[in-house]
Every structure is written in C-alpha cells, then in structure tokens.
C-alpha cells in the first residue's frame, strides 16, 4: 500500500529495455547522441512546435531552476503560489540559479486566479528601482494540491502575463497526468495558452530520472546550454537520458502511465469519500488530499500503508481530523487501492 | 576505432542488471534507499574510513563543484593546474557553485609540484583583504594529461597544503585508473596523503552516470546535503544511482574495468611509439597524448578512427606534427587497438 | 514642508566640520585611519561591548545585506516582516549577498510577535533537506511603520530565536530614533535582548552617508571584512566615513537629532489627529502613517507639501480616505510642521 | 614624504566647498538631485557623447564590478592582464557581481598587446559549451604599472575586440592622469577607440569617494540601475556624490590635479634615475616602479618615507635590488619630492 509519492515506484520494463538498446557501441556524448535527435523530433511533433528547443536533465528541480533562470533576471521576482514546489521544496535552488531572484506567492491556494496574479503584479509596481522587478509567472500543472488548471484558466493567466510582458513557465512535473485529465493537446496546454517554457516531467511518471525543458522561443536555446553546463547538469553519457525519454514518448507509454495513475487516484478518492473522508481539494489527477480521523491514520499505518500526513501528526485524540496526501503512481495495482480501502 | 573519450563506450551488463534488480517494488527516495546504505558501507570499507560521509551525484562536474564549494569560501581561490578540468571544462561551474571563488593555476603543466604550489600560495599572501584569500588545493588523479601522481608526490603536496591550513580536493574522475596504475590502496591515495574530499568517478569507467563525493570529515556532511539539493543534484529515484555504484564496487568491476582500459592504453602507446609517434607525456593510465604527422591523422580519420586533435588541425602540410589525444575505455577490444596501429 | 523622507534634508554643520578636520595631511586607507580607531572605541563604549567588531559602510542597504550574509547560509531563510526594508526596498540585495537565501515574512504587520515568529520557524521544519533551512531573524527598529519594539518585545523575540539557535539582526536605520523613544541604553536594545548584529544607521539621522555594522561576536569579523571588500563597500579614503560617524557620536549629536525628529513627528501627529486624520499605527518615532480625505491631500500638495501617499492615489473622490506617510528629519523646523497643520 | 598611494592624501578645498553648497535645504534622493543632472550633462559634454548613460558610485571597485557585470554573462570570461586591479585587488568582487564569470589574464605584463588579446580570445574557442565563453575585454588606463596605452594601442585592441563582437571596459581609476599624459580628448581615449563602458575615477585624483560609470550604449542603462541598487551602491543622499563630481569636473580641477600628480612623478623619476635607480616600466603618469638597493630603502624608511615595496622585503643584503612603487597624488608638494631625493 504505497501512496507516499510517485517517485517511489519502479519503472516500466520499456524504460529498462530502452537503456539496454542504447547500450550498443560508441556514442557521442553531451547530447550529440542519435537518440536525442529522436527526442527532439518527437517532442516538437507532440507539441506542434517545430522550432522549439528541447533539452534533457535528470531532476525536476534542475528543469525548473534552469528554465526559470533562463526566463528571469536576478533583480526580478517570480510569481507563483505559496505551495509551489519551487518555493517550498527546492531548498533555494531557484534563488541560486537565478542569481538571487525572489519568489512572490500570489496566493496561499494551490491554484492562482487571474485576479491573484494581476494584484501581485500590480503590487510590484510602485517602488521603482527599490523593489524587486516583475519577472516570470510559474504555474504548476498538475498543482501541488492535485488540481489541474483548465485550458480557460491557463489562457486567462497567460493573458495577464502577456499584458505585463512577463514570460510564463509551467512546472510540468506531472504534465502527462494533467494532460490526460484535461484530454487536450500539449500545444493547447502550453504555448497556445501563453506558456513560454515547460519543465516536462518524466521521472514521476515512470522514468528513472529524466525531464525535458522545452523552450518555445529558440532564441533562448544558447544561454540555456551554458546554464545547464555550468549547473553541472549536462550528462556526458547523454544517450541514457535520451533513451528513457524516447521510450517514454513511444507507444503512448507516457499517456498510459498517467491514465493508470489518475484512474487509481479516482478510485481511491471515491472509496475514501465513501468511508467518510473529506477531500481538501478536487481530485483531478493522481494526488489526493483528504482528512480522516487520527485514529484511522494510526490504524492504516499499523497495517503498513505508506503515505504522508500533511498537517497534524499522530499525537492527539483519535477523533480529530488529520489531512493526508495520497499519491498514486503508474505502477500501483488495483489490489493495493482495495487493500487500503478495505481497512477503512 | 573509438578513442575519443572514455564517456562514449557502453556500460557493462552488470550495471544494467543492477538497475533491473533495483527496479523491484517501492523504495524511499532521495538517498534513503537500501542500496545507498550498501554503497556507504562499501566505500567506507574500501577507503578504510568508517566515518566518511558519502554522497552520490550523476555527473563529474557536479561532484567537483559541490565538493569544492563545501571546502571553500567565495572570497578564496582554488589552487589547481592550468589544464585542470575544473578550470577548462566546467563552464565556470566552480565559480557558480562557490559563489564566486577564483581558480588560480599554479602551473601550465598537468601535474603541479610542491614548489609550484608553495609559490602560488605564497603569492596570495601580500595584499591583505584586497586579493583573493587562499583556498583549497584541487588535484586531478589521473591528471588531464594522462599522468598519475605518485604517492610520494601526493604526500608532498598534502604537506604543503597542511602547512598553510588548506584543504585538499581530489578530482578522481579516473580514480580507479590511477589506483590500479599505482597499485596502492584508496586510503593511501587519499586521506593518508592529506586529501579531504574526493570526487570518486564511476561514469568514465563503466557506469551510466554516477559519481561519489567522499568527505573524510563528517562535519562537512550537513552542508553538503543542502548544497546538493539546492544545486538540483539530489535524485528522487536515488536507488538507480546507488545500484550503479554498488555494482561498480562489487566483484572488483571497478578495478577490472580500469585495468582493462590502462592495459589497452599501454598497448596503444607502445604501438604508436614503434610507429614513430612522440609521446607528450608519460602514459600512466588510459590516456595518450602523442604527436604524429598531420598526414597520418588524415589517413586515420579517413579510415574511421575517432579521437581528438589537441593542438593544430587538419589544415596544413602533411609533415607537420600534430598532437592528438587517444583515450581507451574499459570496453575497447584489443582488435580496435590493433586496427588503429595497423593503419600506421 | 518636507516630509517625504529622512534622507532628503541637509546634514548638520558638525558633520561638514568633521570632514574638514579629517582633511589634513596623509592618512592610511581602508579603515586604518586614526578616526576609525576612535569610532570603534566610541561604539564599544556606547554599546558596553568591549569586544564588538565595528565596520563602516556608506549605505543602509550595504549594512543590512553584509550583516545578513554574515549571519546566514545560502540555503536558509531570513525571518522578517512583510513591510521590512530588506524584503521590499533592497531590490533583491539580500538574496544577492547571501548567495540565494530566502526571506520569509512572518507577518503582514510592521511588528512581528513572538507567536508570529515561532509559527514561521516551526513552518520551516518538516521538509528536511527540501525546504529552505531556518536562518536569522531580522528586526527593524524603528519598524517600517514607525513603531518601536519595546524592550520586553525585543527580549521575547530574542528568546524565540535563541530557542531555535537562530541569530538576530537588527536593521537600525533609525536606531537613534528608537533609542530615544524607548529611553533605554543601546546595550538593552541590542545584545542584552539577544541581538547579534546591528545595522547602526547614521545617514537618516544627519550624516552624509555612513552606517556602522556592529557584530557582538568578534569571531564573525574576519569574514565580514572579506564580504565588505568583495561587495565593493570598502572605502579607500575611509577617514571621511570615520569622521562623519565620530562627529555623529560626539556631543550627543545622534541623540539630539533623533529627539528633534521624534518631537516634530509627535507634534505633527497631534495636529493631524486634531484635524481629524486617522493614524494607521501608533507614532513612536519620526514617521507617521495617517489617513486623510483625498481632497485634503490635493490641497496639501498644491500648497507645496512633500510626502508620499502609501495607498491610493490622487485620482478619485474627494472624500475617500487615502493613507500618507509623513517623515520628520532632524532638521525640520517647527514652522514647517505648523505650516502644514495650518493648511488642514 | 608620502608616496604610498593616491588615496592617502587630502582633497582640495573645492570638494569640501561643493559639499557645503549642496548642503542646502531638501533634495530628492537616489540620483534625482539637481546636481546629478549637471553631472550627466557635463560628462556627456566632455565625452562628446550626448546619449551616454552616467551613474555615480562611491568606490572604484564598485564602478568596475558593476560595469563588468553589465557587459558580461556568468558563463563568460573577462580578458585582462595579470596585474589588473580587477584580478588582483578586488577580492573576487568581479566574480561575485558577474554571477561567476572568470577572469583570463592574457599577459603577465601591465599592458596587453593586440596579439596577446587575440591569442587569448582564440584560446577560448575550441571547447564548445564546456569552456568559459568569450566575454568583455577590460583595459586599465593608466595601467597598474604606471604606463599609458597610446591611442593607437587602444584602437588596435578595440579592433580585436570588435572582430570577435566583444565589448570593451576601461578601468579608468586614473583616467585623468592618462588623459593629460596623452593630451587627447576623452572621446578619443574611449568610444572612438572602441570602449563601451568606462569606470571614470574621481577618488584617486582628489575626490572623497566618487566614481562615474559611463555607458556609451544607453540600452544598458536600465539593467545598470538594478545592478547598482541590489549591489547596495545607490546612495539615498546622492547629492553629496554629485556635488563632488561636479566640482571635480569644474574649472579643470580634474585636469589640473592630474597634471600636478604626473609632473611630480616625472620629477621624482628623473631624480631616482639620476641616483642610480632602475625603472621597471616607463613612467607615463603618476606611478613609478623603481629598483633600488635594499640598504637605500632601509634608509628612506627610517627617514620617514612612505611607499610600498613591490617585490622582496627589508630582510637581506644591503646591495640587493628591491623594487618599490612610488605614487604621487595631486596634493604632493615639490618639497616632499626633493626631500626624498635628497636622501638618496
């Protein structure tokens, strides 16, 4: 019963097979491998973006901080939400890579609204050279609360950003989960809605460790390469990154994995609600935040369930509600969901 | 005939097998995997350093820049050689990670002598707060010219560093190649000679992408963890790094690979000399720098040999000597060495 | 009628005279001037801190960012208030100098409470290496809203910081204004209450441009010197900084100036209230935030009054209340206060 | 007998008078003072550059590091000489402000030649994304060895830079001394020769502490303002910087001071040579590097002469030659030169 994270499960056999296939003979390093040419072509095709620059790195934080630093200046602030991964979970990596830019939370919620964004942007207006300057907008899709921006919401946010001439970054650590949730095209969810750069996640959805950074403006490509190299994120044996990503994007593996994860989460959410749990946020992808009595959590943990409590802990009365995060990954069998539910 | 780099060959089956073995069930992320416990234990055993802190990252540059930043302050300078990888080939990564420290080349040669080092350290003495302050010494073992510091040389350099209270870093991207060349213990080549931190390479010697940073002073561990995370080098699915390193250190794979590479290089060097080439530096590991007439290079390239010219290019007279770098990796078959030599 | 800022008035003759006195013959540069020895001795005496390290810089932002970087690590966050100068008005200078540390606002108010602080510190606890780590607490005394922490408040905040082992910085851009407001000793307002480092302002209270950084732990002195130099804040002709500070601290000039400014502010606040203005915050030093009908602001501006509107602008109905900031500097004559009040 | 530095003498009365004049009534802060408008107009006139952006800071290092960071990217290297102030005497300030750029010395000499520069630029060509990228060229005029680039030399260096599309920075800490030495116009010595940004020194030539940064491309102005602010180099009471610079540029004070200093240096050099000293470099401005027997230095120091030994110290045989640096500032009376010479 593993619901702790979508980075704790195994990878599908296709990924291992792809590594084995790539492991033949000699290959040029540093991204000049033939697999990478395939990755670039495939991503341009999927995103309907024939000019996009595409790069691979091994961690989601690397994708985010490199993308953000490419879109910003050190004297600017990045507009994001308070729960954003870049603000909460990257140990000041964005500040490090941008050379000291700030992050301004425009809302405490998981999703920002156009009004939130506009108000925050306006708030950085009046102090001239003294305050931080307006910088990129960063949107997490899926959000850190398991919700998904609709296309209309994305477009509205993109419009606000464009009104102020600010670029938009999408933290797509769970890009595929959002995509299948919306049932739209990658282009619709990104550049057609005003997104300039995407952290396109592979790791949480079945890869060993690979994320693409997609820059729709190829003029940013050159500086990205320098930023990646000096950040120590350029792989010499790059073919093993490329091979993962190519397999991930082949035969709909990425979409199938995401659908599997989302489906399990829907099943689990339904069961939790049926058992009386209160959902903190709508369940729109593969993460569930739900409040259960502390006594229930105790029982689940004792039975071997693995997941994180989000507020409160195990100390206290049995009756008090404690919120937990359940994450379903691609590999989770139905039987584990049922096993958890049967304990309720 | 692939002599371009030791990062262009395949990895041994043991590494792929280890990934497959690690790909079972659920595992805690971020280094809390059970394989990592094995890695730490094994490295402590190999290095006879029961207290050492051990961390994994995926690139050699990451290992170097994280180790150096842990040993230095932004107002210091790192003493290294002019050809050092950290100076030439990391696109200002050390300056980035250290927050702006300098690199001072103490010699144009591949190896620094104790006199070189002492003179350079003394040279940073007289300007008080105005000049950069003295910082760590960084030694590449194998050096970027394919030579190997003897234990006596390392100890003499360690003594100079200790005289000034400066820590010593070893860039061991080709650590195993040096070790089998010296036929000594890892402890002798590191902490017994005064080395405080090691970038212990796996990638160039048969891994997909994994390097260990070994800190003999465990008091440095905590800050290293923060530096690795904010540098975006902490892997969520860390078990796949651990598995590689564990396989690498099992059944003498690391030593066998290094011996194979060094042996091929010795064979190739002998053949090159027999054919009239002039070696630029003693061949002590798996790299050869040799001068051949330009016409010979043209002939070899046309026949499909892959390696880098180091000075001069293909334009010019046939007779002029042009230096090339030949690198032998673990996987290179004897037949390829013979094929190259037969062309001479 | 100049109430825009306490950096827009002239300096007292004593400061100019001190520059003229210092302008005799030759003097060692970079802080080795004899005046600086006097400054250090005087500040140690005033603060009852015979071991304190004392440095001069020319801007308040320099004092803040150098002090904060000395107390923090790049992976930490600085706990401050939302209106804090370091957060709002230093254009990411703290992020730059600290190498990428964050600033966490613990409250939207001008003053933080011990509860605010404790809650914020606890909030940075649960994410291990992923979140920013806990760093220094920075308190503005006078606050950016013109209020002054009482000694009891300072001590309570210092106790919270000490509970977590966190150092405390005081942004004392208006240190003297706070001191005379509290009628306490500098020691009571700083190290006795748990403050580790002070930005001790001179510029806003009558100097041309000089601030002292006082480090009560002399072990921090060495690194501060390197930080100041590489930040380009070490003056070659340092005697002219020293001379200002020495004159400022002589014959109670600093205290007299602060009392004059505070007295004018009290007078103005009383008059504003009598005229129906609503104070946003208690007036405890030399700054007033007060709401007046927009029509009144229009009238005052037309009559030549200089001050800043804090929220809202001149567009809109006459009746709506708009908040303004009035700052009184040492040099402000009573007649200007009366002139403003007579317009109401 | 003060020859230690041109930052250890007093300032002329005109500078103090200007401060007193500026000390009237209220003035807008942060560069919006009326004096600054005069400074900008005057510098544009002097440099025949009606569009140039002009900013003031208080230290020469601030001028250099802010100018260099405006012209470079963190992944580039700055081409300079080995004795350059930015390399030797700014405690890694350039690395800090540029976000980690490197400095590449193109020669050990005080002056670089076009060949030196071209060779160094070519040397940063072959390693693609791995090496540092080519960045700005920084020229010190006067050089750190007391020599002055001729207009022809500057133009030739500017041509090399332009061939590679690299911007040129001039460290003009002793700009006026060079200008009167060449007897040319400021335009000829800067933008007409290909210089893009100038650190225009005031401090070493009679000001208390003020330097202008002149950017001939006004498109760089906006980012410079942000860099200056976040570097904590924007003065609130800016009028006192402006007043110094305006007085400095009035009534030929800057030129008169420089001529006085250069004249004394010529006199001293002549006398030193007559007494048997060997000049290390041609004396073209206000600095002299000369070798004298150690015994002579001992005698001079005992008699109260103040200057720096450049290599070697006071320990050793009387006969051995030891090189010293003598700097003449604007205020040095002839009598002091004579006093020194009379001791020889």
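Note that the chains are named A, B, C and D in the order they appear, and that numbering of residues resets to 1 at the start of each chain.
Everything below uses one rule, namely that a residue touches a chain if its C-beta (ideal position, glycine included) is under 8 Å from a C-beta of that chain, and two chains touch if they have at least 3 such contacts.
A quick note: this is a predicted structure, and the numbers were derived from the prediction, not measured.
Student: Which chains make contact with chain B and with chain C at once?
Tutor: Expected: A, D.
Student: Which chain has its C-alpha centroid farthest away from the centroid of chain B?
Tutor: C
Student: How many angstrom lie between the CA centroids of chain B and chain D, rounded to a whole number?
Tutor: Taking the average C-alpha coordinate of chain B and of chain D, the gap between them is 41 Å.
Student: How big is the gap, in whole Å, between where the Cα atoms of chain A centre and where those of chain D centre?
Tutor: 50
Student: Need the CA-centroid distance for the pair chain A / chain B, whole Å please.
Tutor: 34
Student: Show the residues in chain A shared as contacts by 2 or more other chains, in ascending order.
Tutor: 74-75, 90-92, 96, 99-100, 129-130, 133, 226, 229-230, 234 - these are the residues of chain A that touch more than one other chain.
Student: Please give the residue numbers of chain C that touch chain A in the complex, ascending.
Tutor: Residues 74-77, 88-92, 95-96, 99-103, 127, 129-133.
Student: Could you list, by residue number, the parts of chain C that touch chain B in their complex?
Tutor: Touch residues, chain C against chain B: 30, 73-75, 99-100, 129-130, 133, 223, 225-227, 229-230, 234.
Student: Could you pull out which chain D residues touch chain C in their complex?
Tutor: Within the complex, chain D touches chain C at residues 2, 4-5, 7-11, 16, 19-20, 23-29, 57-62, 64-66, 90-93, 96-97, 203-204, 208-209, 226, 229-237, 240, 306.
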